[in-house]
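In the two complexes below, subunit A is the common chain; its partner is subunit B in one and subunit C in the other.
And now, the complex of A and B:
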């Protein structure tokens, strides 16, 4: 049981770090909230689609920038797509580079575009690695669907980045009442000063 | 008494399209299609997706060769939600085509966009769009939309 709690705590730490570094933003939380026991793989499915689509777009972008006569409209269209999908899954840093990339297209700045392509590739591969790790850790919990669901809701609780170890320990100890607790904890986390009133969580 | 009347109205609205309004969601981005579909399904909507304006029009029975019956067109969808920026036909152009159709013009149309451009928003609202929503969409946006949809049916 201890190693399970350890693993879960690591997961929460890891996720919180991704938010702190701006690699993921609140939109990723929104995705997690759309996942439930009847759609337990939603996040993995969407993120996988994102990986496939992004790789396709990055290839197209590389090709387009190699052309003798660069078609900036086409490049802009691809970047617009990538900006949209990265924004939809919460890949904030990828989205930001896309914004700069579009500006370079507008200015017909070939060097700027090439630089942006390198940057966006870098940010993309970073978020990809991080998300793959996240899913691997979750995967270890494996066959027990309700565990996965609970892990997701703890990751949601980190959206306030007010991660409090004693709070998370209580989650795992009171599993059956977890969902009811989440709403209470959310209100608590939102009001920073109330966080100290852990007594509210004692059922 | 007033409370009673209110719930009777809601029940009547529920009966109109059962508990599940049928929504047509149009977006050229695969990830966004999947996301909007999930959001709508979580709000108890039946969802059909289309990847561009032409496919949407075909589905609605406004395609060139399609001579769907009146009944077909009326019963198909209760709401259309479309992205603004799409290659070929934009969401705005799709909106116009829908509003030009005597059969579909009563169907509420919602436009989504990742860009917050007031002239764009006004243009869409003037053309008859029910609502303009900023992407990425959140569950709360769709819940609000669902409530609005219920209310506007009265």
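And now, the complex of A and C:
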């Protein structure tokens, strides 16, 4: 039970970190508020659209910047779109780079544009990784049976998770550790379920 | 905690809205925002689709009109709808913030203008412009 609470706390801290670092802004909160029982996957759906859109736009931008004669109007149009969609989901750092990118387009500064493309790719990849981690741990579409965050009662929690003292001692700073921890708890939970099924239960 | 609309508008029907936007992310978000406020709504992908929907006889209490769209943009669509005699509340939605750009859009026939991204607070402030006689009441759930 303790380990579940710890993991829940770590999730809250992880999410808070994303806001503190400016990776996400209040618009992401707005999206979360639109999610409920009738629309349980709303955030994942919108963010998935954002990933698809962004990947397409980043490819187009790379191609456009490789051309012999650069079409700045086209590049500006793509960046404008990326700016819009990143602001719609609250991907603040991506949005900020897009603003700088548009300025470089206006100045017809090819080097500036290339630099901005690298920056925006970096920021996009960062927010994508963070969001994917968040969704993985929170669970999506109910397929993740050992989704610890859907457990509200002690009975549910003990059903899925062995009490493990070592989990409650550490505070996870790194994403890798966070995921590693989640995987560890998941393995324990699955193992526990298996033992229960086989009639061997140790608590 | 959320806010729900108990709208009685035109013969006591539920409030209706049309989202006009070419971007699938905005379509999804705006559709859901309105849905959560209890407003029945549908989506048009550009100005021309918005006109066609009206030509088929459908009417809406509120239209959220994006500015930059292919085939027919928001300014042209707004002008056309007003010319057709449509008196719905039309709110322009855009990321553009230059005064003259907003002015240009307003002059096409908008009742209100909001900067993207939309939030439920922004939609509620648009709706307060609909009817000052208080036929719309907002209750907290």
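By definition in this document, the second predicted complex is superposed on the first by the 139 of 203 C-alpha atoms of A that agree within 3 Å, B and C clash if a C-alpha of one lies under 4 Å from a C-alpha of the other, contacts with A are read in each partner's own complex, and residues count from 1 in each chain.
Please note the rule applied: a residue touches a chain if its C-beta (ideal position, glycine included) is under 8 Å from a C-beta of that chain, and two chains touch if they have at least 3 such contacts.
Given the structure is predicted, the values throughout are model-derived calculations rather than measurements.
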Will subunit C clash with subunit B on subunit A after the two structures are superposed, or do they fit? clash
With both complexes overlaid on chain A, does A:23 touch subunit B (first), subunit C (second), both or neither? neither
By the touch definition at the top of the document, which applies to A:113: first (subunit B), second (subunit C), both, or neither? neither
Is A:105 in contact with subunit B, with subunit C, with both, or with neither (first, second, both, neither)? neither
With the two structures laid over each other on chain A, which partner does A:75 touch: subunit B (first), subunit C (second), both, or neither? neither
After overlaying the two complexes on chain A, where does the subunit B footprint on subunit A coincide with the subunit C footprint? 27, 30-31, 33-34, 39, 42, 45-46, 49-50, 53, 80-81, 83-85, 87-89
Within their complex, state which residues of subunit B touch subunit A. 28-32, 34-35, 38-39, 42, 85, 87, 114, 135-136, 138-139
Contacts from subunit A onto subunit B in the complex sit at residues 27, 30-31, 33-34, 39, 42, 45-46, 49-50, 53, 77, 80-81, 83-85, 87-89
The residues of subunit C that touch subunit A in their complex are 2, 23-26, 28-29, 32-33, 36, 95, 116-117, 119-120
Seen from subunit A, its contact residues with subunit C in the complex are 27, 30-31, 33-34, 36, 39, 42, 45-46, 49-50, 53, 80-81, 83-85, 87-89
